[in-house]
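The data blocks that follow each hold one structure.
In the two complexes below, chain A is the common chain; its partner is chain B in one and chain C in the other.
Up next, the complex of A and B:
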């Protein structure tokens, strides 16, 4: 992640501010910055979403392809994640500079979604052992201003909500094999149930307190962060500690509780906004990228 | 605690006040400025098939036979006497390299800073070895441009009690073209905080010191916790600056103060919401027009 330099005095100022629950931009320790979400921005994907959180901008595109299911679970489809850090975000990502961060982000996403409840994988099965839907989730980082995990998880949830998978009919072939036909009607598609898709909350430990949605300056003052993914019911699917500093067990417990609280509160307004956008229908003019 | 989520809205184009802008000639890259071959081409222009064309987006400036285009968004081009706020990036032999949002890092020579205690003497080898004790990588300073090197790099100096290392506060990074050139760039705002409007676009907000300290150029930085009321004022000012910058309003002490006063009825964290930003900036522009006319 692009790092900014802060002087000692600035660090002390930020630390004391967080201790008094008044951050540099006036937010409380558990407030998010202004978030803008839009779905269906990329026309040649099956589902897409763009999320802007402060100055962090993330674009997610989902493509559904037919593939062979994994040998251990022949009656389920699966998701593949790929995170690309664009050089637009910061010159450090030029060439192969963003690869390390991209791999770390996609590995975390695999861990977050690696359970039976997040996405109903059985609905992605076409014929057991032979064909299933594989959802390729591609994440593109357009701008980097701190708090990448949260923005990415919100964008993935919005994109999955927006994904339209075409319905298939399986018919017997002449030679006895199976033939797959995609439905001709472009509107005849299957939608995914994203109720249980988790959202990631990053909590940075600054001084003795933790902050949600840290800016790059606050990140420079923190030594360790906790990444926790929470579903709308408050169930935790993955926790991860990043950063070189240490966290003592009480603060990990405190941060986990705060993360669960904040994460649970994210889902309701997000679903409401997605349904509101859906109800606006085709008449609603998309803002896209140059708005 | 609730996250503010919403659908993005198309931003309305910034409305220009007619009186100030109809005299100006704004061009974009590729616009033909003139077909007359009698003019000399300056910065920001090139000749394309005998027509003088702009290569940057900005306003056309004509001085007798010389035409140049001054870009609206550019790196800081320093001139002698400009006040800048910069961050130390490197500590080298007998000088520091300072980042000031210009094309090249600016230079702060060891001989251009005040020694502790204000003594005037030749800098010794010992001074060179203890440079890092005074200014380290990452420290912020306020300085004045002493001269410009031939390659365009600025040479800074902190040879006055008002310049030097900066203590606790908030740095806001904006575009240099938004800062108005004034007599003084150090202001103690009546709302309870102080501001340094660097010509390079870096604006420093800090709590007003109780008594004017006598020590030479900020050698001692106080690490005492700043009071909550001062913090609120500084956060509000920071958000107001960002709101004004987003709407391309020229920044000087009066405009910042009017913006602060217009924002009082909103909560500090709400100022960055698009509709609140618009409202506040409109009120500020109205007040500024009233004051002018």
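Up next, the complex of A and C:
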């Protein structure tokens, strides 16, 4: 991740503030920065979303393609994740610099979605063993100011909500083979149920306390962080400790509990916002990239 | 997709014959049945472990671990001079980890080219080992840890962490404590510690809640967790209980590892005779 240089005096300042539940920008330890979400920003995709969390900006585009299902699970479709750290975010990402971070992020996303309930994969099947929908989820990092995991997971949830998969009709053609026909009506599409899609919460251990949604300065003062992905029911789909330091088992228990609480509370307002945006339909003003 | 030009490969579309095997009814693991190798469910029953240090003569330190059918070996090279000298290297050393699976290690043939899963394991190994090493004592140096999995029969990452920390100790790298790894697999209401490959990858027929795997890397003397990784879908209480179980598993393994290390040191530098 792009690192900032923080002096010792600044570190002490941040540490003492967090100890008293007061962060540099005035938030409490479990508060998020201002988050803006907009869906349907890229017209060439089947679903897209852009999330701005403080100064971190993430753009997710989802394209649905017809492919062959995996041999072990012939009656399910699947998702493929790819995270691209664009050189726009920081000069460190130029060329192959961002590749390591990108693979780390996409590997974590595979783990987060590696369970039966997050996305209903059976609904992505077209014909067992032959055709299925493959959703290519491509994440683009536009700006990097800490807390990438949270922004990416919210953007993926919003983009999956926005995804419109065209309906296909399988018919038998003359020689007995199967023919796929796409429905003529461009608005005839299938939507995904994103109720169970988890959101990732990153908790950074700073001093003896933990903070949610750390900025780059706060990250520079912490030795270790815990990433926890929580569904709306409070089930944990993936946890991971990142960073070069070690954590006390008691801190881990505290952080998982806090992460579950924060993550669970994130889902309801997010779904409400997405449904509100959807219901505005044509009327909603597109903010786009310059808002 | 990077192609391997060094080997004459089989046809691109080759498939594992296991895909065509008809699954006998009832092979799906009953969640309350006994485990295949006789160990107990819901108890901290780790597989007996065989460890030996100092196998590879060229390496500064090496270790081999066998747990059930899981076999891995680790070699440590270093401290060596780093090629790149940027500012961070002036103050403390750098740890490089690499974990590879032999293509014949898993039931499905893997490839020699590092997939993203291998890179993921290498990263987690790095995160688990880094807190234990006194890297500030090795400025401008690089320590390389290479783990090779010879046979994957479950909980590979946990045993890789143990093996790597043993190899580092054998190499004489200063450490705060040994790092031990333990993993569990949660299946509904019961869990199994140190799962075998079949137990790790079985999907129970009931699309149950509370299914997943957890791996913990632990420093026993300091009571610190240096690595934590879980997947699947579990309730938070199950996760917490699972972490406690893994810590217990690590404590069980500790005396064996300590003994193996002491034996290796005694063999390398026998104590002066009494006469």
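The definition used in the following text is that the second predicted complex is superposed on the first by the 291 of 291 C-alpha atoms of A that agree within 3 Å, B and C clash if a C-alpha of one lies under 4 Å from a C-alpha of the other, contacts with A are read in each partner's own complex, and residues count from 1 in each chain.
As a working rule, contacts are C-beta pairs under 8 Å (C-beta built on N, C-alpha and C of every residue); 3 or more make two chains touch, one makes a residue touch a chain.
Remember, it's a predicted structure, so these values are computed and weren't measured experimentally.
Looking at the shared chain after the overlay, A:72 reaches chain C, while chain B stays out of its contact range. Judged by the touch definition given at the top, the superposed model places A:240 against chain C, while chain B stays out of reach.
Once the two complexes are overlaid on the shared chain, A:186 sits clear of chain B and of chain C alike.
Touch criterion met: A:34 reaches chain B, while chain C stays clear of it.
Of the two partner chains placed around the shared chain by superposition, chain C is the only one that A:248 touches, whereas chain B remains out of contact. Contacts of A:106 after superposition: chain C is touched, whereas chain B is not reached. Within the superposed three-chain model, A:115 lies in touch with chain C and out of touch with chain B [touch as defined at top].
Interface residues of chain C, counted against chain A in their complex, comprise 15, 19, 116-117, 119-120, 123-124, 127, 130-132, 207, 209, 211-212, 214, 219, 222-236, 239-240, 243-244, 247.
On the chain A side of its complex with chain C, the touching residues are 71-72, 103-104, 106-107, 111-112, 114-118, 224, 226, 231, 234-249, 252-253, 256-257, 260. Note for the complex: chain A touches chain B at residues 5-10, 12-13, 16-17, 19-20, 22-28, 30-38, 52, 261-262, 265-266, 269-270, 273, 276-277, 285, 287, 291.
Chain contact summary for the complex, chain B toward chain A: residues 1-11, 87, 89, 136-140, 166-171, 221, 223, 225-226, 228, 231-232, 235-236, 238-239, 267-269, 271-274.
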